[in-house]
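Once you've had a glance at the structure underneath, I'll fire off some questions.
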Amino acid sequence: MTQPLLDIRNLHLGLRLGRDLHPLLNDISFQIMPGEAYGLVGESGSGKSITSLAVMGLLRKPLSVSGGEIIFKDRNLLTLPKREMRRLRGKNVAMIFQEPMTALNPLSTVGRQIAEMFILHQGKNWREARRLAVDSLARVRVPNPERRVNDYPHQMSGGLRQRVMIAIALACDPDLLIADEPTTALDVTVQAEVLKLIKDLCAERQTAVLFISHDLGVIAAVCQRVGVMYAGCLVEENSTDRLFSDPQHPYTRGLLGALPRLGGRLENGRQRLVDIDSIITDRSILTKTRCIAPRIKEGSTP
Amino acid sequence: MFIFTIRRVLQTIPTVIVAALIIFVIFSVVPGTFATSLLADGKRAADPQLIARLNEELGLNKPLVERFATYITNLAHFNLGTSFRTRQPVINLITDRIWASFILASAAMMFALIVALPLGFIAALRPGSIVDTATMIGAVSGLSVPEFWLGLVLMYIFALQLNWLPSFGYGDGSFQNLILPAITLGVAPMALLARTTRAGVLDVLHSDFIRTAHAKGMSDVKVMRWHVARNALVLIITTVGLQFGSLVGQAVIIEKLFAWPGIGSLLVDSVAIRDIPVVQGTILVIVLWFLAINTAVDLIYAAIDPRIKQG
Amino acid sequence: SGEHYGGTLIFTAPYGSNFATLDEQASPNTQEELIAQAIHRALYSWDSTQNKPVLELAASEDVSSDGNVHTYHLRKNAIFHNGKPLTADDIVYSYKRIANPKNAFPGASYIAVIQGANEYIAGKSPDISGLKKIDENTLEITYTGPIDPGFSLMQNTTAIYPSNVKDESSFATHPVGLGPFVFKAHVPGSQVVVEKFDKYYKEGKPYLDHINIVLMAEDATRDVAFRNKEIDVSILGPTHYEIYQKDPALKDHLLEVAEVYTRGIGLNPALKPFQDKRVRQAINYAINTPLIVQRLIKNKAYPATGWLPLSSPAFDKNKAPYAFDPAKAKALLTEAGYPDGFEFEVTASPNESWGVPIVEAILPMLKKVGITVKPKPVESTVLGDQVTTNNFQSFLWSIPSGPDPLSAMRCFYSKTPQSACNFTSYASSEFDKLFEAAEQERDPSKQSDLLREANNLVQDDAPYWFFNYNKAVMAYQPWVHGLVPDANELAIQPYDQIWIDEIAPASRK
Amino acid sequence: MRFGFNFWLGATLTALVIFAGILAPWIAPFDPVFNADLMNSELPPDATFWFGTDAQGRDVLTRTLYGAQISLTVGIVSQLINSLIGVTLGMTGGYWGGWWDDLVSGLTNVMLAIPSLIFALAVLAVLGPGLPSLLIALGLTNWSWTCRVARSSTLSLKSQGYVQAAKILGYGDMRIMFTQILPNMMGPILVMATLGMGSAVLSEAALSFIGLGIQPPSPSWGSMLTDARQLIQLAPWIAVFPGLAIFLTVLGFNLLGDGLRDSLDPHMRTRKP
Amino acid sequence: MTAPILRVEDLHVRFSMSGGSLFGSSRHMLHAVNGVTFSLAKGECLSIVGESGCGKTTTALTILGLQQPTEGTISYRGQPFTGPNAPTRMQRAKAVQMVFQDPYASLNPRQTVRKSLSAPLRLHGITAASEIEARIEVMLKNVGLTPEQANRYPHEFSGGQRQRIGIARALILEPEIVVLDEPVSALDLSIRAQIINLLLDLKEQLSLSYLMISHDLSVVEHMSDRVLVMYFGEVVESGGWQQIFQTPAHPYTRRLIAAIPNVDDRISTPPNPKSRDLIVLKNAEFGTDTRVTPDVFRPPSQSKLIEIAEQHWVRISSV
């Protein structure tokens, strides 16, 4: 087996309030291979976003990592000097955020915001950078890229803006792309296009993807492997096919059952959706004993 | 942009008209008339004949509606009327002094900006730190000291004790004379501005695109320069405009204290002797100044913020 | 005696932050007189050593036997700043301009002493009949009676302007006069600069090259500027008077004078209690006037003994003021039927020496005899308005009471309208008799005796609470010489006599 | 809601001033008006007169305590008037929109453009000096900010689900404004009001400087301070104590307002897990 | 199925947008809803799907009386719901209610649950405290909350619970029709199921009619009886849920369905072989190329609805 590109080992992360530390992530470990798309699913607040922010080194004040390692290409990102980390960010590890509306500076042209990447990481001057920005826009299939570089974000539709975000993220051919719910704000049809774009672009240059979503359908469309998070724990991990056809952890099972499936409704009459609460009768048990229960790992059977 | 400018300028016209109406009505019902103020100084008999003649001469015996009609007609011809007291066109009296007002307000605003922007930025970058608390308490203190006391104290310290600066007046319009009144006038906007800057910068720092910028691998300095500064400016500039616009009107007390020949002291003196055309003209000019500044701010705003023009 | 020539004097104008106009004829205010004194001259002027008006622009005058007609032989060496020599035409022109009904100038009431002026002012006559040019240098003026016209025609508002200026409105911006200094510059709201006039008619004068008359209305500012040696003279308020007296560096350069203003509370007989003389006297007895003068006004005033002020020729040095005697006040009130006192309002301006602070001080004193006082603060403008329209219960004001004692006492003559200085609607047949006699009396000392008697009558009748006569105080820098204590208005100084010596700082040279 | 240090400091200062004002008749050692003895004028602080006496011989401590009544009245009542006008106009303008909104916005702009001190001066000149006039003058002049805030809050609240729901449930416009919108925008309005109280106290001082302040002999800090400016060298205590009182009150109001704003602002809220 | 209780006929809603000219007098018309016609039967769940901005919410708001229609009529049980004889807000409230998308913004943060539920009752003339209590209790039970929770404020509830409160508020006046605007899209996946189940249960229990707006097609398929597909203000296809999901005709509908990422794509045996069994119309007949965004400022081009199967309508170009 090849070396994993990203290797998160026993990551602990918490909220530091004064002297106390409220744990938010408990002992998270997973790997992503080069060229692989890894999905993280889980309910809201389970810690998906903070995991990704930890990888990016963008955690803000009250949040802090309290243990574990994040190994990226043999280097522990948690102990990397600030400047090194900065150089890595954007160039080797790039990120797409959820809200394409607010993630772009409303006062700069999209061209400029893409061009910044080339200036920061490739030492280009503004003119060259702008030319490269046009190319980047073309690569994410924005029609009329020459004209569009001069647009401001508010002049673009949600789908186009998300493409710009992707263009920024992929500008410097990163090894790892983190996409935190990149399509939640988009219409289904637009979402489908964006997902396909991410998939194709990453396949083209073997970019590894950490894909976060709570929409299982989206994960299914993009990822090869999936991790399920619940209350700060990675409760199950498996290849996408296996996970969906044979979920092990009660939470995962609940998730799958709770989802109305297209074409799943019987001709006359419908089946009730599974109520997760009815499976996990006492949610607090899961929370309390969270990562203590043996995690259901790939290949293992309970 | 051109159309936007024209439209923005035209929009101020109703404001000016309503302001003129309010000013006119208020100062028409103010008790005391120019004639009695001129003739009843106790030095000699207030000759009722003379008062009547003066009132007739000044048109004060005409009905209010007629006076307003004349006033508006004159205004439409850019004529602010003639001063009762000096019998000169009001516009001349104002132009004589507007420059002093302008440089005082500008210097005060300069001072406010130079001090407030860095302080606000620093406070926002380290919220909750000692610098932040100190800045904010300092800013609030600046808002809690009556202007004339601040002026007096500065005067005692810098003119009398240290003998660094002249204590009063316009002199020959030199910079030295400007310093103390400008600082006194600038303290309140400075305090407000420091707070707005802090809030504005914090707001920007919390926005998602700053996270994007960091995710691009940008250094803090570059983030500041490329993304925070300009966006915060948009939030700050409204306050700057409102403050700058109202400075001329607020300078009344400082002009009196420092014997500064601006239109504020002209106004107060004119109110005292009920020289109503001057009062109306001066307030109208102050209103116009405010509107001009704020229109300019809106235009700047539109120039930096591409979302506005679509309006 | 060692007078120096040259240098700049920095004078202050303390009565506002503005010179309303440079056209002195159009201005009734002291503020503009500060400039007029440098630029203009009137037919008469006030001689502060003799304490009476003297001829200024005429070398001599002949008075007719009935005292009504004066023939003036004008100075031959008087030249206007625009080069025109003074002639009788200029005086006729100026007086007609002042009285012109179109202009409605405040000085018109002074011109009214000339025969025919009232018809002219009313627009009924194209000329003032009493003004007659004999030749270029001789002018005959007929007055309405055997009065001393000097008191009226020395006023700065009766300044003489050249008759050859086409555009009269230019007087408001570029004044031209006969005075020792030529107008040089006006920075509105800041200062007026005047420059020595080489052809001034008085030999060897003026001494100064320049005078900067700077506007400075705020006492505290003036104090700092004076101590900082940025200005050469400063008019002092009570507190600074006390401070300067205590300061060894400053106390030797204070100029004091008893000014001809009487301050007090005028009582309106329309309010019932005030109709009773005993009530009015009780008020005078109940207030510790010297204490207020001493503590609140810091002795920057003289307790009043009556209406006529200290510097008035008819002032009675032997007359005692009302004593501070609350018991007597109480008794008088009881006698008058107000054993429990009553309540009244004092309309007053914010002035520190004759305004609301004084009312605040008498308030506890009158409370002790059972009278409740309520201050009614108004703006200075409104005060004048309300007093002259008889719209008050009582008012606290500062009223000119000189220099001419006759016109000062006219304010109590029953035929003087309320609006024209008989503010308390005073009417006493006894007084009227004395006053009419004084009016007819041509012998100054006998006239003074009559007026003194009338004044004492008024004091006894107490239509006012007699408070104080102003003491004007001016602080000046040690290098300034030639200032005089002018009882009319201390701030108005004879600029042509002022000089500064070599210890003056470089900025004055 | 969690309040920061600033809020508590501000609240303490404000509470102190309020208590001083309420308790003045009991805790003040003398009468503020009639205990004037010129024999005692301008005494420095001593055992009898803790804060010294003023030019009239009145106890400065007493007058400073009573001054709290006036200054607080000025601050609170003028802000009440401001808020009432501002909220009424702003809320109805924002809610109904249309020509009424245009009118309200226009009027707000006019009021912003006319310098408030001068407007207050004019109103005072018309009504004559005195406390009621002062309250009206200050109350009429500074509502434009409140109005703007109220209007924009209303605009954003208007589209909130619960306001829509109220409409669908059959609530009338008035009822919606009073039960749904008003309570939810009280936060920013309160902040505006507390900040405005500070500036009202200062405006009173400024108007005293021009001679249009509080009707004497009632003590107000502004007029005490104005009267004392001549005496700064002779009897500094006359100025220092009311000056300090103004400073602390305005500081208190401002910190209170800031504290309120900070705890209302989601950015400043520290999230609890 | 019973006779329709709500009928919407040829509904047009246009917004005038001020343009950028000198005096702002040139106005564009934004055609938000163009000739929408449908009816809702008692006990039925009718869903409107379509992409963002196609006029779904506007249609719903018009029914609720929060938006005036530019043209067209709405009638409820034969009574006009629009025009001069339209009922007042109070009268309308008993007929139609709404459940909002965002459970956080849809509850007044300063009112307790009890207050939120009792105020409308009082407003509608139910003043007896006991009756109010009783109705609140029943309603809370219906939506799966306990009466004790009534005294709490909204921020003390989770998103799912809030949505339950929102539903309770909508039902407290016992309306016949409930408009559901994206009732679950803001909810967490695990809670979504509960709310969907609850809505379906309540519908049965209280025989409600739902007008649901959603762009989550799997939810739509799960819940609806009939589906209306909207595209830029127009209905492009309507029919029973099976017709829309199993035999979609209009290319836009097909694209919509195809775009949904589905877990089942990963699972080797599709559970329902009948799905995606599309009938084929020639693309040209639809006239609209759904890949090019139509101009909302222009009236739509000529087209008409044709019935291709029983109660299955598709819009085709009429030129």
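Chains: A, B, C, D and E, in written order; residue numbering restarts at 1 for each.
Operating definition for what follows: a contact is a pair of C-beta atoms (placed from the backbone, for glycine too) under 8 Å apart; a residue touches a chain by one contact, two chains touch by 3 or more.
Just so we're clear, the structure is a prediction, and the values are computed from it rather than from any experiment.
J.: Most remote chain relative to chain A, going by C-alpha centroids?
T.: C
J.: Let me spell it out: compute each chain's centre from its C-alpha atoms, then which one is farthest from chain E's centre?
T.: Of all the other chains, the one whose centre lies farthest from chain E is C.
J.: Where the CA atoms of chain A average out and where those of chain C average out, how many Å apart are those spots?
T.: 89
J.: Using mean CA coordinates as chain centres, what's the gap between chain B and chain C in Å?
T.: Roughly 38 Å, centre to centre.
J.: Counting only Cα atoms for the centres, state how far chain A is from chain B in Å.
T.: About 52 Å, centre to centre.
J.: Calculate how many whole Å lie between the centre of chain B and the centre of chain D, each centre taken as the average of the chain's C-alpha atoms.
T.: Averaging C-alpha atoms per chain gives centres 22 Å apart.
J.: Going by the contact rule already set, what residues in chain D reach two or more other chains?
T.: In chain D, the residues touching two or more other chains are 125, 128, 229, 232.
J.: Which parts of chain A, given as residue numbers and ranges, touch two or more other chains?
T.: Residue numbers touching two or more other chains: none in chain A.
J.: Would you mind writing out the residues of chain C in touch with chain B in their complex?
T.: 16-18, 20-21, 23, 26, 28-29, 101-102, 104, 106, 108-110, 121-122, 169, 172-173, 187-191, 214-218, 220-221, 224-225, 227-228, 230, 379-382, 384-385, 387-388, 397-400, 416-417, 419-421
J.: Would you mind writing out the residues of chain C in touch with chain D in their complex?
T.: 219-220, 237-240, 242-243, 288, 291-292, 294-296, 349-350, 352, 356-357, 359-361, 363-364, 367, 375, 377-379, 382
J.: Please give the residue numbers of chain B that touch chain D in the complex, ascending.
T.: Contacts found on chain B: 14-15, 18-19, 22-23, 26-27, 29-32, 127, 133, 136-137, 140-141, 143-149, 152, 156, 195, 202-203, 206, 242, 245-246, 248-250, 252-253, 256, 267-268, 271, 283, 286-287, 290-291.
J.: Flag every residue of chain A that touches chain B in the complex, lowest number first.
T.: So the residues of chain A touching chain B come out as 56, 58, 86-91, 94-95, 97, 99, 102-108, 116-117, 120-121, 152, 154-155, 165, 168.
J.: Using the touch definition up top, name the residues of chain D that touch chain E in the complex.
T.: Within the complex, chain D contacts chain E at residues 160-162, 164-172, 175, 179-180, 183-184.
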